[in-house]
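Letters A, B, C and D mark the chains in the order given here, with residues in each chain numbered from 1 onward.
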Amino acid sequence: MIIADLFQTLIWIVLAGLAIGSGVAMVVQRNPLYAAISLIGVFISFAGFYLLLGAPFIAAVQVIVYAGAIMVLVVFVIMLLNVEEEVRKPLRLKFLIPAAIFGAAILFAQAAFIIYSVGASPVRVPNADAANSQIGLTKSIGTGLFTDYLLPFEITSILILMAIVGAITLARRPTVLLLVEEDYDGKKHVERRTLKIDNI
Amino acid sequence: MFDTNNPLLIAGAQFLGIFLAFNAVLVLTAYLSLVERRVLAVMQGRLGPNRVGWFGLLQPLADGIKFIFKEDIAPDKATKFIYILAPFIAIISALMTLIVYPFGPVVTLPFSETFFGAPVTFPMTVARMDVALLYVLAVTSVGVYAIALAGWSSNSKYSLMGGLRSAAQMISYELSLGLSLIGVILMSGTLDLFSIAEQQGGWFGMKWNIFFQPLGFFVYLISAIAETNRVPFDLPEAETELVAGFHTEYSAMKFALFFIAEYVNMTTVSMLAATLFLGGFQGPFVAEFPILGPFYFVAKVFFFLFLYIWLRGTLPRFRFDQLMNFGWKFLLPVALLNIILTATIAVFFYSR
Amino acid sequence: MTPQLSWYLALSAVMFTIGVAGVILKRNAISMFMCIELMLNSVNLTFVAFSSFFNNLNGQLFVFIVMAVAAAEAAVGLGIIIALFRNRESLDVDDANLLKL
Amino acid sequence: MTNHWLSLIVAAPLIGAVINWLVGRRVRSEAFIGFVACASIGVSTVIAFILAFTDNNGAGAALFSEPARPVMSHLWTWMEVGNFRADVGFAMDRLSGIYVCFVTFVGLLIHIFATGYMHGDKSYYRFFAYLNLFMFMMLTLVLGDNLLLMFVGWEGVGLCSYLLIGYYVDRKEAGDAAKKAFIANRVGDWGVILGIMFVFFITAAAGAPSISFFEKTDLTNLVGNQVPAMTNAFATIATMAVDPFTINALIAGGLTSAAILLFIGATGKSAQIPLFVWLPDAMAGPTPVSALIHAATMVTAGVYMIVRCSELYVRAPTAMAIIAVIGAATALLAATIGLAQNDIKKVLAYSTVSQLGYMMLACGVGAFSAAIFHVMTHAFFKALLFLGSGSVIHGMHHEQDMRRMGGLKKYMPITFATMLTGWLAISGIPIFAGFWSKDEILYKTFSTQSNSFGLILWFVGLCTAVITAIYMTRLMVMTFWGTERFAEAHAGGQGDEAHAQAFADKKTTAHDAQTATIDDRQHHSPDEHVGAATSHASHQVHAVHDEHDDEDAHEHHGLAHGQKPHESPLVMTLPLIILAVLSVFGGLLGAPYALSLGAIDNPFHHTLEPVIAHEPNFVGGAANGADDAHGSPATTETHSAPVSANEHEGVPHGEGATAAHTPEEIFTERVLAGVSILLAAFGIGLGWTYFQRRPLAQMPRLLENKYYVDEIYDATIIEPIKDGSRVGLWRILDVGVIDGIVNGVGTVAREAGNGARQLQPGFVRSYAAIILLGALLVIGYFAAALAR
């Protein structure tokens, strides 16, 4: 079992390294497509974490939804719009620099404090018994979703419906109106007018 | 003597299974390409490759050697990293699904009682997962990146067009593909592919889901062909329009990876179809002679593979708008209808 | 020594911070969008970790719902990005500072 | 007793006004407009007289029912807030009955006169709509059954006065005069409205909050529902003690305060010192307006209000004294000014002010019935005089300056005859109406015991009477006797500016539309009626000016060379004749016991007796025999025992009054009457002998310039206010303080916005940063909470 534990830890470290590395890369990269690929790496490593945590269903859904759907859309949009690399621009809001320093200081202080507090906390967290857990299985999640969480589930479905309608409205092609006018001579003037999303 | 629950032993066994499965499938795909060429040739009234080896049986080997030794050319303006990454994503995502397919029923290792003191039984699948079906969908969905990124990174108009088309097409048809499976899931009540295959063992091994889910099968079949970018949905690599689509700029082994990935995808999709709708390894006498299971399974897979080749030889290509209209306005509603029908019937007749 | 809950929490905090930094530093709308997704994911990780360590299902159910919301957000967000690009010919959010499209 | 015909008296002129305004302006037929106007007033007049004099439905005539009960018509409750209630309801008791009768009747006559006088005017319909509206407002004032409705009428007549003074909208002086009248009246009106509030608070403090004049019980409204009961405010006030004159009483809002505040309103409306200055200027309006509003009706509203609130005033002796002094002073002042005026209408205007002073004097000494009597007789003879002067002006082609008249009796015999009666009436010659009323006021002033300076007041009144006789004689002499000065060119003539304007325009421009509007307003051309003194064609259609008018255009107006004055048409002379008859005989209604040699005992006085109050501590004297109708048990202790007995036994008031005629009083009255007759004769004689010889005598400049009152007001009030407004309010307060505050608020908001703008630059990333800071704060809070 020690070997298995060690193996698990090793995998964890590898995944964590992948996640953090990809995350940093995502922020650092100025090419959006690289950033997107880095983010996919993060998602996949997160899926690995979920597997380690005994949540295969969530892991699968993570890949399907994030990697398979959302990021595909993002990549698609990046390719469609042929997004350029970010150009460095002079910083326009100078006050952000001290704000950032201040925020970072606070963040570090809080992190240190929280780590200290957790270390001092008498609460002991049980180890995950991922191998024998029934929690992450499809059946338990399905039962939970359709009993206790039925209302949130349905609300989510309505939210998605709204998102579909909204996305279609936002992205649909501009409607072209043909305005036909007749002057005194009976001559017709046709004017094409584009009805854009922002004109609606 | 050996602790059968030793995780190292299990891991070793799984590695062995993965090795076997991968190699089997790779060999299968290699010869699938030969079969395709021969069958197409027959359909078109010509001979096909028959020079290398007996009946051309060594042709795939020759192809492989050619791929390996060809010069690997990359476009100068390509985005190198992604350009190289894309074929690997393709082949990885294609092969990764193999581990969850049930190749056969639960079997007992021959002579295991003699060696281990107790009969060692195991299902003929590499990894039996609770969420196997989702796993398949997840991994195949990652495959989109391979085509999209390949198209984008090549820095070529044809490639980009192919990549974009491919991405759009795969997103669209993945939807109806996933929905078509829900009928089966509703009937079986599990996502575990092995369990799904096991449940189809009644009726003398002929209680296949296709009899209960003809609509789902129909939708799945069409979406699967589209997912694998095969004729008549091969728009991403439409020769007549885009030279070779997303892999125009690829050559040598990188092209070979795409090529292999496509055939592996064909195979895995066929395996899924066989498992979900045609009973997988189930068939007459499987209960009595479990060893028959893999043969039944391979036979069913070959049936689907032949179907692919058949279609390629028969049907013309869709236009892109036809493709989209068909996917969104026909397949998706039909899949939804199938779900509703199945759910309704399930509520009335299967309510436990 | 198996991974502890605190490891997951720390990792998730780091990822969240990376996401926050990305949102603030990035000017590209799509990059910002991706950073937000990253933040959502790091929160998901804590949910699942808690769920697993406390043997409680609710965390995973929550993650499921978060994912659904993220998908909806992606649909609308990308639609907005496309509309933005159509109007501005740029994805730089600093170019879209008129508080209207 | 409810009688809703009463409301029609008020409503009929309103209907007439509306018809004239909406229909008349389109019909543009003078016959139609005149008919509507006169008919609406005629309806009011007929109903008023029926209600006042006949025994309608057995309920008793308003003037003669025993015991005195008002005819009431409750329409609806206007407003009801807390325990404050004001109704829209009308009531005719003996006081308002008398008022309504002479208002409607004189109003009718003036309307008829005006149809002739305003003939040919461009805005004929407008004039009559205004005039009808005025009648509506005046009747609302008189018939309104509570203080607030009375105030509506009060304001309404002010408005109509404004509209009618400024009727000639293209004349600046008319507009100025209208504004002056309006503003002077507003100054008084704040007093009225505060007074109403005081009355309400006083009655509320006494436990019966009300501003109603009458007690309302057993009334039904228009649809037959029972009207909620209402107490009589003045019955409540009658239970109160006499208000002493202390500063505290004034400040705390005692009866004296209320009385003085209401009287401030009366000084505005009735043109008393210090607010009398508007009335002479108001002569800029058409002459019928002057007759109707500024002589007969509206200006007497102040007197009406004081008499109506007599119950209040008799308990505020200080206020009474103030009224008496101000009335006497006004009478003398106005009379002396009138002595020096050359404009015929101005003379009459000051005469009106003077006579109003008499009325106020009467009120001030507690002779309320005498005041009302004088109001009525004054309405007859002053309306007569004004209409007569209107007739003269008409005949003289809008010449108003008496220095350009003279010898008119030959040309205008009817006007002369009627004005003669008016002259004699106002001068106080026996038999004529003015004698009775003026004499009674003088007698009451002489015999008053309500203040200690009655003799002084009487002497002032007597002087005024003499001066009145002198200036009226001057007016008559300058106008009707002597040489015919209208034929001479006379520099400095005053006249109708509109007429001059017409000529000026005609001189410079042809007959275009603009000129035509002015032509339409003036009603005859200079040359028409030449030698047509006997023309009585009432509806003669005058031709629009012909071309030869241009050569007749000259800088002065009035009669052109060779023109002769002419007598006015029948529609104008007929009212004169009727009013003349009334001026002669109307006074007999109020002939006192002493002077009628016991034949009649002042029926007017006895009619009014039940509705006016008497001073609670006023024992003895002619006025005391009768008790008021509102007498309540609380007041009886201040009355003498026999009076209380009278009241309880229900003895008719007349008997009680008759019993009060002691031989001494009769003798005093007769002596005083003799004195005043002698003085009147002396005044007439003096005026006759002096002005017969020197009709154009230069009068003292001080008087001619009206004691420089306007100039003093300008210097002491108007200019300081202007300067204060310009410097203090505008430059300092408005620009400095108010604009400063506003601009300061704006600057603060702008600067704050500038600061806050930095937080909302439109850059998404800065929003994200701010959100992050907020999140950090929240985390910090929870971390701190965790640490505890």
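To be clear about the criterion, contacts are C-beta pairs under 8 Å (C-beta built on N, C-alpha and C of every residue); 3 or more make two chains touch, one makes a residue touch a chain.
Since this is a predicted model, take the numbers as computed values, not measurements.
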Compared with subunit D, which chain's mean CA position is the farthest off? B
Separation of subunit A from subunit D, taking each centre as the mean of its C-alpha atoms, in whole Å: 87
Using mean C-alpha positions as chain centres, tell me how far subunit B is from subunit C in Å, no decimals. 32
Euclidean distance of C-alpha centroids - subunit B vs subunit D, Å: 110
Would you mind pulling out the distance in Å between where the CA atoms of subunit A average out and where those of subunit B do? 29
By the touch rule stated above, which residues of subunit A touch at least two different other chains? 57, 61, 69, 73, 80, 92, 96, 100, 107
Of all the residues in subunit B, which ones touch at least 2 other chains? none
Would you pick out the residues of subunit C that each touch at least 2 other chains? 24-27, 94
Which chains touch which? A-B, A-C, A-D, C-D
In the complex, subunit C residues that touch subunit D: 20, 23-27, 32, 93-94, 96-99
Note: in the complex, subunit C contacts subunit A through residues 1-8, 10-11, 13-15, 17-19, 21-22, 24-28, 30-31, 33-35, 37-38, 41, 44-45, 48-49, 51-58, 60-61, 63-65, 67-76, 78-83, 85-87, 91-92, 94, 101
In the complex formed with subunit C, which residues of subunit D make contact? 761-765, 768-769, 772
Show me the residue ranges of subunit A that touch subunit C in the complex, using the header's touch definition. 5-6, 8-9, 12, 16, 19-20, 23-24, 26-27, 32, 35-36, 39, 42-43, 46, 49-50, 52-55, 57-58, 61-62, 65-66, 69-70, 73-74, 77-78, 80-81, 83, 86, 89, 92, 96, 100, 107, 111, 115, 118, 125-130, 133, 135-136, 140-141, 144-145, 148-149, 152-153, 156-157, 159-160, 162-164, 166-171, 196-198
For a test of understanding, state which residues of subunit B touch subunit A in their complex under the given definition. 7-8, 79, 81-82, 85, 129-131, 134-135, 137-139, 141-142, 144-145, 148-149, 151-152, 160, 163-164, 167-168, 170-171, 174, 190-191
